[in-house]
Each structure stands twice: as structure tokens, then as C-alpha cells.
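Each of the next two complexes has subunit A plus one more chain, namely subunit B in the first and subunit C in the second.
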Partner chain A sequence: MEENYVLKLKNVSKEYFGNKVLKEVNLNVKAGEIHALVGENGAGKSTLMNILFGMPVIHNTGGYTGEIIFEGKKAEIMTPNNALALGIGMVHQEFMLLPGFTITENIKLNREITKQNAISRILGDSLKSLDIEAMRKDSQAALKKLGMNIDDWVPIAGLPVGYMQFVEIAREIDKKNIKLLVFDEPTAVLAESEAEKLLDTMRNLSANGIAILFITHRLDEVLAVADSITIMRDGEQVSEMKRKDATLAKIAQIMVGRKIERVVHEARKYENNGEIVMSIRNLSVDMPGEIVKSIDMEIRKGEILGIGGLAGQGKIGIANGIMGLYKAYGEVYIGNTRLELNNPRKAIESGLAFVSEYRRGVGLLLDTSIEMNIVISSMQIQNRFLKGLFGLKMISLKDDRKIREWAMKMIKDLDIRCTGPDQLARRLSGGNQQKVCIARALTLEPEILFVSEPTRGIDIGAKKLVLDLLVKLNKELGMTIVMTSSELGELRSISDRIAIVYDGKLEGILAPTDSDVDFGLMMAGEYRSKEVV
Partner chain B sequence: MDMEKNKTSLMKVFMNYSVPLLFMVICLIGVYASKLNAVYILNEISVRLSRNLFMVLALIIPVIAGMGLNFAIVIGAMAGQIGLITVKIFDIGGFPGFLMAVLFATPFALLFGYGTGLILNKTKGKEMITSLMLGYFANGLYQLVFLTFMGTIIPVDNPEIILSGGVGLKNALDLKLIQYAVDNLFRPNIMGVKVPVVTLLLVAALCFVIKFLVKTKLGQDFRALGQDINIAEVSGIKTDRIRLIAITISTVLAAWGQVIFLQNIGTLNTYNSHEQVGMFAIAALLVGGASVTKATISEAIVGTLLFHTLFIVSPFAGKNLFGDAQIGEYFRSFIAYGVIAVSLVLHAWQKYMNARNREKLE
Partner chain C sequence: MRGFWKSITDKYGYPKVFITLFLLILCILAVVQKQNLPGLIKDSLVRVGMNGILVLAMIPSINSGTGLNFGLSLGIVCGILAGCISIEMNLFGLKAFFTAILLSIPFSAAVGYAYGLLLNRVKGDEMTIGTYMGFSIVSLMCIGWLLLPFKSPEMIWAIGGRGLRTTIALADRFAKVTDKMMSFNILGEPVPTGTLLLFGAGCVLMWIFLKTKTGVAMMAAGDNPRFAAANGINVNRQRIVGTMLSMIIGGIGIIVYAQSFGFFQLYTGPLMMPFMAISAILIGGASARKASISNVVSGTILFFSLLAISLPVINKMMPEGNLSEVVRIIVTYGVILYALTKVGRDD
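Then we have the complex of A and B:
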């Protein structure tokens, strides 16, 4: 067992406000190996990385328990600078590059090589001159190591995306003491050939003795480069294996496999019957980070349709596109009438309502009372909750009495825990804020309710309440619900059918009772290739 | 294809310099219409460049550091005036008086700059409106101090500067004792143009200091902040500290600039001299083609030159063209405020378009 481990995490746990997000995780990375870390969104990968980098978000919320052992010594990583000093580097998923700076300036950002001048001797180091020549030399060396043949003195703006990724890597390997390099979904934004090149680079780096922690959800890449694989699920490390023991199906199954609790009702078979209330044809949506590329789908009356998939694959974009929040193309029919896209007002008037995934931004008027939050859309679009001034219809005022009555009813029906209808939405807990959002959507009396990430950022107890509420609405009012969620478990617990989106396209539709392997493969975009084999 | 490329790049150059080019045309028309002789105009320009450029240059560093146009240089100007008032009270004249004024003004400027920086760090992304409001707020404090504390809390008993009631400074203070203290140190007459060489040298020195600063580690941090404060932060740059430094430098330079300005004017309008400093300096910078996110020394020089040429010629041009100097006067106020408004709108529009283009790309 006395192998040469560069990083060992021992029993690392982390709680956010009593909500356990990491449970006794162990992770062992050997020097010079490529170690893949896979798991669904919310499995705890990013929290683990935040701990590894001493991010303030960890230490502002009570720190973590467990041990980090780096190169055989116990390490206290309290700030990102500690991590850097130890020799841990990170290639970010979003590029941390300044567009107006040259490649060299970016590689050397805040690590500029400086030399003394007459003034800096008196007034201190911050007035040292930059040694541009030395900086360029270092950068060129780093770029060369990556096999990049490019002028290092051109600005980042205008470079192809693939190049930017390599500049990021060059910055990390330019740090002389780098021992462990974390790649956070590095291939997500790359074209296939660029991704190939990146994987080659990773192999190269690891051959030079740098350990690589490779976070990804592209399982084929894991199999292509990783030496060992750690799989996380729900904040736990569920498996560690060598590559020779790994297969696509095995990883996929472990990644999503968990006991599925059908909380409420049996999955209803809607396969061939049921009236179609909405058909979507060739829908594309330009939502940054969640692009939808030409999707066809049918929504049946009275069903709960789940839309799942990994982050960034486009599942979020569908509801946002239909509701007109992001530029959408294609055709959407409600019954037989075509919905005018890119017009949120029309969408609501056509009997759609939307509970946004971005609760605190799009979803709520944070500094406004609960009651106004509940009625505002209906007031604006359906002219309800208004009364005329002295009976004049022209000048409409809000009808405080009606608003209060309705808000009280919603607070009671949805069990919103608050001090009263005039409490500010900001002061509510996440779960109760979500209920206010749902209450507003219900006030619109929609035929189809779109709910995105209804349980994101709320604690476990409240999650169940929100899900129960959706089921209740569906059962008692017969409301059609389209729920988008990153949590497959919750989709499988209440949906009738689950559509999985991968790379902006519909990968397939599964029943909640289908096997873990199928779900895992679909989410990784490997489902169709399996069928070929 | 190549022709096309040439055409677009020519268009680009034209677009990039559209503001200074436009003002150059207006200036030339103004010069022609004013019927002033060249020596008079050159004399005026040399005076105005030497006394105003320092203040305009004080704006550059905050722009580089991504804090926008620092309307709070008004506060720096107040510090400068505090220095001058002190010199007036102690009755120190000539070049020593000028040096003493700078010396007295500097600690106040450092303090004010630091305070401004602290507040701007709490209002990131809204620096410009905050600094504008801070200027107005500081004006109130300034009036409180010099209108009610002078002669009461601050014991000054000098009938030449205190109002006849014994409380408060007079509206206008005579600064004859240090007028031209720097300008006339060495002022050769070159073909009828009297050039205040030492003042211009001070301005030139500042240009070199700014140039030097930008090339240091500190300057690199300024630039990094100017591009993207979040990325700078992640890279371990102490952004709040760097912003404090930027705004403090700007405030101190503004204080010195105001002392230089008033040693030329020779009269301190106690309650007004600082008021328009911010607007005029910013307008001059913008006329030179600078923007909220980008400003260079040459833009400051060109802008000051054009803006003040317009100031010199517009009353005469107004009189010659419309028979009324006042119309020219209106025109130049219109220009000063108009150019600020247009530049801010352009900035907002560019930001909007960039965001939209980025969305499209993704």
C-alpha cells in the first residue's frame, strides 16, 4: 500500500447548514497518474474541489472535517494561495482569461516576472518594472511543452476556443512546482479534434510526472485516458476502480444507481394514448450554456413529464425557450394553435406557466412582499386583482383586499411558512421561496406548468414537500406538469416519462422504472452507441 | 476580398477616431469663424494646456483600473483648495507658497482619496454615479466647513478673507500672492507666444509617471482589473487594495492639478472653483476619443487641446456668426455636457451590444 500518492483525502465530510453534501469521501491520487472523478451533477465533485482549493465558500460555512494529505504530509488548505503554494493547479471550465491581455500576460497573470528600477527600490515592490522578455520566454516554453505553435504576444480575444483552453493549461504548467493539476470538465466546450489533442496533452503531462485529476461526464474519455477512476454519488464515494476493471456500462450504472422511491403513484402508461396538449417541432434555443438543438417532443394531457440530463446539455433551455425567455426557433403547438415564440406574454396568455430555475433572479421580486409576488404575473397579464378608481375602468388600481384573500389562500394551500403575506420574499427559506414561485404560477391557472430545478438549493425535507405538492397539483387539478431537473432520482420518483437531453438533442425517453444502466448511458450520450454494439 | 478588408479597416480607423475627428472639424470651423489671429489662439492654448491638462491626466488611472470616469476628482480639487486657503491664511507667496500649497493639500487628498476608494469598493459596478454623487455630497461638507466653521471652530481672524460677520470665508479669495508662481518661473517668448515652460514640464513629468506606472506590476494589476475584476480576484490580485490605490492616486493628482490651475487663474472662487472641474476634465478626455473603459495620455492631450480651442474660439465665433457672444457660450456648455452624455450612452450601448453578440456566439 506504500505507493507514491501525491494526494490523499481521508474521510472528508462537509455540511452546508446542516445539509450533508459530502460524506466521508476518500480519494487517492498517485503521482503521475490520470485519475478520473465522475459523478452526476450534485454528486459533490465541485464541493470536493472547493475544499481542495481552500475556497472561501468552504471556510465561511464552517469548514470541513477529515484530512487532506499532500505528498505524505497533512495539509491545511485555508485559501487558494495555500493550494497554489502546495503545487495544486486548476484548469477552469470557464476560462479565467483576460480577453484584452496577450497570451503571455495571461499565462503570467499575477505571477509577472519583475525587475528592480530606481523607483521601486524606494517605494516598494509593486512599482517594479515588468520583465516582458523573460515572461515571454517562459510562456513560449510552456506553450511548446503543449505542442502549441503560436505567437505568444497576441491578445486572447479572437483566439479559437480550443486555444484558450491550452493557454489555461500553459498557465498552470508554467507554475514551476505544479504537482497536481485538476481539469474541470475541460472538453465540454471543445470540438472533437481539439478534445483529442487535449487528451493527448493530458497523457503527456502525466508522463512527465504531474498527477491529473480529471473531472468529466464524458465516459468514453474516461476510458480513453484514465488510469484509475473514482465515482461519486450523492456526496459519497461509491466506487474506486482501475481502468482495466471498468466498462462503460459499469460506470454508468454505479454513477446513477440508487434505490428509487416511487413516492406517490405508479407510473402511468401513457405510451399510446392520452391527448397531446403540446407538440414541439424542431425547437432550438439559444440559451448560453444550455443550448437546445432541434428537439421534437410531445406532451400529453395530465402527465408529469420529466426532462433530465447533465448540466450544460440543454435540458434547462427547453422550458426557457418555450416560455420566451431565451431566443428560440422552431414550432410549438398548443393543441392545434401555433404558439408565438420569443414572446413571454403570449406564452402565459396561452395557458403556460413557468417556475424558473433561477429563483432569486427571474423567479422572485426579492424585496417585494409574498402577496405581490404571488399575484404580479396575473395582474400584469390577465388584469386580475385590479379595481377601477371610483369605478373608472381606465385607471386601475391594485385590489388589496382580493390580493390579500388570494395570498392567504395560497399560503394555506401550499403551506408557505412565513410571518404573513406582507413578508419580503428575500427573508423566506429556499423551499418557501420555491412555493411562492409555484403559487404565482398557479395563480395564472395554467394548463401546462413548467417547473425547472424545483428542488435546487433547498434542504432535503423541503424537497419532498415541493415534490409532493407537484404530485398533488397533478392529481387533484389534473394539471400537466413538465419538470426539468438535474436530479435523476427526483425525476424518477414522480414523473410518468423521462426525456433525457444530451448535447442539445433528445437522447431518448425512458420510463422511470427503466434500468440504471440505460439512464446512465443516455445521460452520457452513449445510449445509441450501445444499441449499435 | 483584400479591398474589402482594407475598406473595413479604414472604416474602423475612422470609427475609432470619429469623436476627435468630429471635434477637429468643429474647431477648424470655429477658428475660421472667430477671425482671431494665430498668435492669440496659440497663447491661449499654451496657457490652457498647461493649467488644465494635469487635471485631465488625473482621470486616466481609474479608467485603466476599470473604475470608469472618476467624477470624484472634484473632491481632490477641494483638497487642492484647502492647500491654497492655508497658504493664503499663512500668507506665503511665490514659488514657496505654491510648494506649501501642494504640501498642505497632499495629506487631505490622500485622506479623501482613501475614503472615496472605500466607498467605491462598496459600490462596484456603479463607480461613476457614486463618484458623481460623492462630489456633490463633499461639496456640502466643504461649504459647511468653510462657511460656518471658519471663524468659529477654526479660529481665523483675517478681514481680507473672512466675511464681514466674522464667520465664513469670502466668496472670492485673491491669490495674487502665488499667481504665476510656476508659470512665470521661465516663460520665454517664442514668436509672440509666451510659453509657461515649467508648468508644461510638470505636465510632461506626469505623463512619464503615468507611462511608467502602467508598465510596473501595479500597472499590470490596474489593467487586469480593468478587464475583468473577477478573474483578477481569482488570480490572487488584491482587487480592493488596487482600486484604493488607483482612486487615491487620482485624487492626489487632482489636488495638485487644482493648485496648478488656480496659480494661473489667480483668484479662488471659494465655493465654485471646484464645481465644474470634474465635468470639464471628463469632457476634455472624452473629446480626445477616450471612453469609460479606455483612456490614454495622447487622448488626454488631444482632447484638452480640442476642447479648449473650442472654448477659446466659440464666444468670438458666436459673436461673428450670430452677433451675440452668448450663443457661443451656450454652444460650449452644450458641447461639454453633450459629449459626456453621448459618451455614456455609447458606452451603455456598446456594453449591451457586446453582451448580445456574446449570446449569439454561444
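Then we have the complex of A and C:
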């Protein structure tokens, strides 16, 4: 039986700086099978693949524990070259192709077929000339195997995305010793018909004896092609099943399911007739990687609205679009007045405030003091914290005394741990930087506070403090909060309603107490087809 | 000892520490060589006053995010043009000096605005573009100086009667007018009080500007453009404001410089002027992304005293050749090179 498995991972664990991201994972892939690996973002799929490919990031951070057994032999994969030599290939999510090179050149890159010429006989092999005909013949063969009818001598640049994906695959299967092929979310960028074709190709390849490890979060595809399925959650392998035992609902539940600690307050029954403070109509946002496609939504006064979904589905785009950070189209009404989009100043003037998900890039002036970080938006837009020069109203100077007073109050209220208000924002820990961002938003005294990924990159203790703070603001000041987060658990612990975004569209709105199955299905974009399964 | 050295270099940066040490060594040598110390101090003060405002011109450009203003020659050309016009108008003394300054402002502002528009299209490459922009304009103005319809016989070539001379003497116009203002003697040497006061006033005005609402917005735009945009600050406009201010101050700076130096240097004269100002502010501890008034003051004093003192001291050590000029070039470009290797590496 042992020999049947191309790849066996035994008790593989990995720590990043004391943070366990993989816990004793076992994975068994048979020759010629399609093995699906599913899980939410951050479940540990990528880390597992990095280990399999010997990526430097693994070995630079202390390596891993456990065993990799490839074709019955224990394998030490220290570099990507080791992995290639063993016959492990990878089709990347972002294409690793050189746009200016032709298809053949890309397929044969660094594995060129060469022949001797006069100079190389004297000066050595590195000056051999390319045997372009042989290279093209190989490439043609590989492309044909995939059912592609395309000239192999056109450059990559300008090809449709779907074709690029197939060129990637052609490159991998052109390697003669390929035994295991990893597909990392290959259908994410493909149109439906292209995705169909890709799945067919995968079936073909596996019929030829190549094992396929298929990483995805599109559950219908998993059911369509996979022979066996491994589900991961929080770095643990939580389930392994055969296709015949699997249903959409079952996978969804296992993928999402975890204990939800409703730590903060009782779920409020949101009332259908609550006053609407913001209505969003047909909002589309061109945020690279987080595109929003025509969303309609209502935000009610005094609620905490959660926006969830997997990475890349567009949830982050909503707040960024409304605040004017990325090009947005559609209509947004605050009460009855229409908000001018694509104008951050107007958005802030209209009583909105935003805590960006990209804290160090958009959220902070890293080399500026905490106090200036806190007051600058308010100073620039609401003209607060200013005074005239010698009483002259014409020239407005910053009012250092008022700024200091306010900053001290904020530092005390939000418990920002720092050496003083003039410390540089760069020197603070992630959690405290986040509090500075929130303090700036609060200084604007907003009607609606948008918070994106408030706990990203901060440690567990600080996470709870930040969430508690949001709840406190909501309860005590009655502030309406719209929180976008990749962590469903966190959304379910403090939100009143949770909107799930899939493929740039609103998949549905759930109550935090709804079942894991519903959340799982919605995040995978399968909620509407639930009845079918 | 090692800990002390590290804390010093961390706090002030290598250029400032090394240049200070070098200056100290030169001072000791000057004493050993029995140089005329009060004379050296006077020379240093004159050079500080002369160049201070040019160095100050770097502040708005660095803080608005367009980096070190290698294109400062544009402002300098505007200043020289205004100076020539004041001579053409046949003005003398302080009147000529201040007229030149007032005239230079609209020129520099217009040029700075256009240059700012250009810089907004080449974000990330401002310093390279600026260098070549400066070179190009200086060369273009070589034709300009020949063709401009100036008539004053003091300025045009004696033979042929067309086109401006390469150096225009200001002795009869406004040479030394502010140097001599309120001047008093220390150890038998005159102090250029007026010029130093002018430099001081410039610093105070700049300090106030950086505390205004616009100043704060400009610094935010320079520090983190994405942050600024997210907070409703028009980043492109702030960059233009910074560039215009830098050019205006540069234009004023060259008039003050010429006043003290006694000549306007036309044609390729302004070609390398920005580099001196840049290296002075870098020695003061500024980076290509952040600069303060104290960087300007300390950098100007260190760099220009170094030049003033190195000249006689090194020439006495090695009379043949012009080693002091070589030292100036090494320090100027070495410091710029060091600062540019640091750009974009602070994260």
C-alpha cells in the first residue's frame, strides 16, 4: 500500500516566532488522484505548500518538524530546486511568466535544449546555442496535451489570462519527471468556461498518472473533480474524506466551524425598522485584488455591521470605495443626502471616518508624533486645533497646547501604551498603532466609523482590547460601526449583523448566531444553491 | 567607547559626525599653522550668511516629498534674472537689493509651479529628473543670456555690445549691502550682521510656515502620500506648493549670495550651485525625506566653515595644486552619494 502514495506528510508542524501556524498535519496523496485541499484564508494551506517546495521563508524561520515522504522515501526538501528534482511542480496563482518572452521560451526557461557551436566548443557549455526547433516541438507537444491550439512563438504579453494559466501548466508537464502537480487556486482568475476546461485538463493529467494537489476555496469545483478532500482550519487538518462522503454543506461547516465566543455582549435583535443612516446603491469599486461589483446595502443607526468574506472577494473594497480611496461608482446616501464619491475630503466632511486595513501604509504617518497623527485629519478638514498668528486670523498655526491636551486625553481613554504624545508612531507596537488610528478617527467625531481588519497583525491580547474598544464606542457613544474583517470569529463575536461578500457581490446577511453551515456556504458562494445539494 | 560612538552616529548620522571631526582636525591644524584665526572665523561667518538661504530652500522640497531639490538652479536663474533687471533699472544699494528680491518672486513662483506640474508626473524619480532639468535649463539660459534685450553697459559685453557678460560685478550696485548693515568688529574683523540676520529671519519664517495648517498638510503629503490622500489632503497641490516655495527661496538665496560675493555668475555659474546647498543640509542631518530648520542651521555652519577653513590650511600643507578644491568636491558629492544610498531604505 505504501508505494501507492506519491506524497505523505507526517505530523508536519511549523512555528513562526512562537506562533504555531501548522499543527501536526498529515496529508496523503495517491498517484493519479486529485486531492483537494480546502480551508479559509490563514488555515495554513500556503505554509504547507511552502514547506513542500522548500521555500526559503520556511528555512529562514527555523524550518519545520515532521516528515515528508515522497514515493516511499524520506525527502529533505531544502530548496525549490530539490522539489523540482523530485518531480513536484507548481501552477501559481499569480502567473510566474515573463511577459516579453514567447510561450516556448517561457515553457523552456532555464531548461533550454542546446546544441554545440564553434564558440561553445572553445569557451564552454554556457555559450551553447539554443535548439529552437527542438524546444518548439516539445512545447507544441505539451500544449497539445492540454488541448491548446495556439502558436507557441507568440509573446505572453497580450494573451488572455486563461491562456497564461495553461502555459504555466504546459511548463510543468513539459518536465519529464513530473509526479505531483500543485494547483494553487488556479480558477480564481478564470472565466467559467475556462475554469471548466481547466478542470477537464486536471482530470486528463490525473488519468495519465500524475497526482494533483488542488488548493481552492470553490467548493463546487472540489466536488466536481476531487477524489479525496483534506480540510484545514487554523493550521490543523480537521478532516479527510472521500468524495462520495462529501457534500457541500458538510465541507462548508467543517471549514468554518469553530467555537464562537460571544464574549462581548448579547446579540441584539436588530430591528427591521431601525433608522437607516447610510444606503448604498449599485456601488462598484476598482480596488485591485478586492473588486466590488454593484453592491446594495443598508446601514442602520447604532449597529455594528460586520462585513466578511474570503480574501480577494471584495469585502475590503467597500469601505475603501465609500471613503474615496479607490475609484468607485454608484450611489451612496447618508440619510437623504447623496455623498460625492471619489473625494476623501467630502466623505470625512459628511461624518464618516475610516481606519484603514493597511495601517502602516495608509493609516499612519510613521515618522510623525502620536499627537499629530491623532489630530491631523481633524485639523485639515474641520479646522480644529488651530490658532491665529499673534491673533491674526489669516495665518492659522497649529495650537500645540490644545493638541497636547487632546492627545493626552486620547492616550488615557484608549490606553495607548507609549512614552508620551511626542513619541513617533513607528516605535509603537501594532496594537497601539491601531489605537492611534482609531483615536484619529474618533477625533473627527464621526457618525459612522468604518474599521477594516482592526486586528490584523496584532497579538491576541491586543486584539481583544481593540474589539472591546469598538463595542464600548458603539454602546456608550452610540456610534455606528462598520467592521470589515477576514476573521469570521471576530465578526461573530461583536457584530449585530454580518454581510458576506463573495465575488464582489453581496452574498447575504446573517445574524451572528446563524449556523456554521450558512456562513461556510456563503463564504464559498454556494448559499443560493444550497437547496440544490 | 564603542557604545558611545554608536549612540552618537545613530543620533546625528555619519555625515554630521565625520564632518564635525574633520572640521575639528582642521581647526587644530589651523592653530598649529598659526593661521589668522579671527580671519578664518570671519570667512566662515561670511560664507554661512552667503549660503544659508540657499540651503533653506531645500526644506520645502524635501518635506513636501519631492526630495532634495536638484533642480534648484531654476530658481537660481530666476534670481539672477531679477538681479540683472534691477541693474537695468539703474537702482543702487538696498533699493536695488530688495527690488531684485521682489522681482525674483513672481519669476520663481511661475517657474516653480510649472516645475511642480512636471514633478507630479514623474513621482519617484524627482531627484534624477530635477538634476537633468537643472542642467538643461542652465544650458538653455546660456542662449537666453545672450539674447535678452539688456542695454546697461555694465552688464553687456564691451565688444559687440550684445549679450550679458559671464560675471557681472556688483561693486557699484548692491555688493555687501547687507554684510555691512549693522556690522561690528570682533577681534578686528567685521561681522556680516545684516546677512546673518536675514538668514535668521528666513529660518524663523520657515519655522512658522511649517507650523501652519498648510505646512502641516505639506509635511503629511511628503511623509506618506497615501495617508494624506486618505485624509482629504490634495497631495499634488502640496507638492506644487513645496516646489514653488523652494524655487522662491532659491531665487532670493542667490541674490543674497551675490550681494556677499560681489558678482553675479551667469551662464554655467548656477550649474553646480544646488549641490552645495544639498550637501550642506545633508551634513546637517537631513535625509531625502525629512529635514528641519536645525538641520539647515547646523549643516550650513559645519559645511561652509569647513570650506572656509580647509582652503588656507590645506593649501599651506600642500601649496602645489588645489587640494582644498578637491576636498570640497569629495565632501560635497560624497555626502550626496551617501544620502542617496539611504533613500527608500528606512522601512
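In this section, the second predicted complex is superposed on the first by the 511 of 533 C-alpha atoms of A that agree within 3 Å, B and C clash if a C-alpha of one lies under 4 Å from a C-alpha of the other, contacts with A are read in each partner's own complex, and residues count from 1 in each chain.
FYI, contacts are C-beta pairs under 8 Å (C-beta built on N, C-alpha and C of every residue); 3 or more make two chains touch, one makes a residue touch a chain.
Model, not experiment: these values are computed from the prediction.
In the superposed model, A:Gly66 lies in contact with neither subunit B nor subunit C. When the two complexes are overlaid on their common chain A, residue A:Leu325 makes contact with subunit C while staying clear of subunit B. When the two complexes are overlaid on their common chain A, residue A:Ser396 makes contact with subunit C while staying clear of subunit B. Legend: residue contacts after superposition of the two complexes on their common chain; A:Gly489 is shown touching neither subunit B nor subunit C. Looking at the shared chain after the overlay, A:Pro155 reaches neither subunit B nor subunit C.
According to the touch criterion, subunit A has no shared surface contacted by subunit B in one complex and subunit C in the other.
Interface residues of subunit A, counted against subunit B in their complex, comprise 80-81, 84, 96-101, 105, 109-110, 112, 114, 119-120, 125-130, 286, 288-289, 291, 327.
Note for the complex: subunit A touches subunit C at residues 323, 325, 343-349, 354, 356, 358, 361-368, 372, 376-377, 379-381, 383, 386, 389, 395-398.
On subunit B, the positions that touch subunit A within their shared complex are 212-213, 215-218, 220-221, 223-224, 227-228, 231-232, 234-237, 358-360, 362. If you check the complex, the residues on subunit C that touch subunit A are 208, 211-213, 216-217, 219-220, 223-224, 226-227, 229-233, 289-290.
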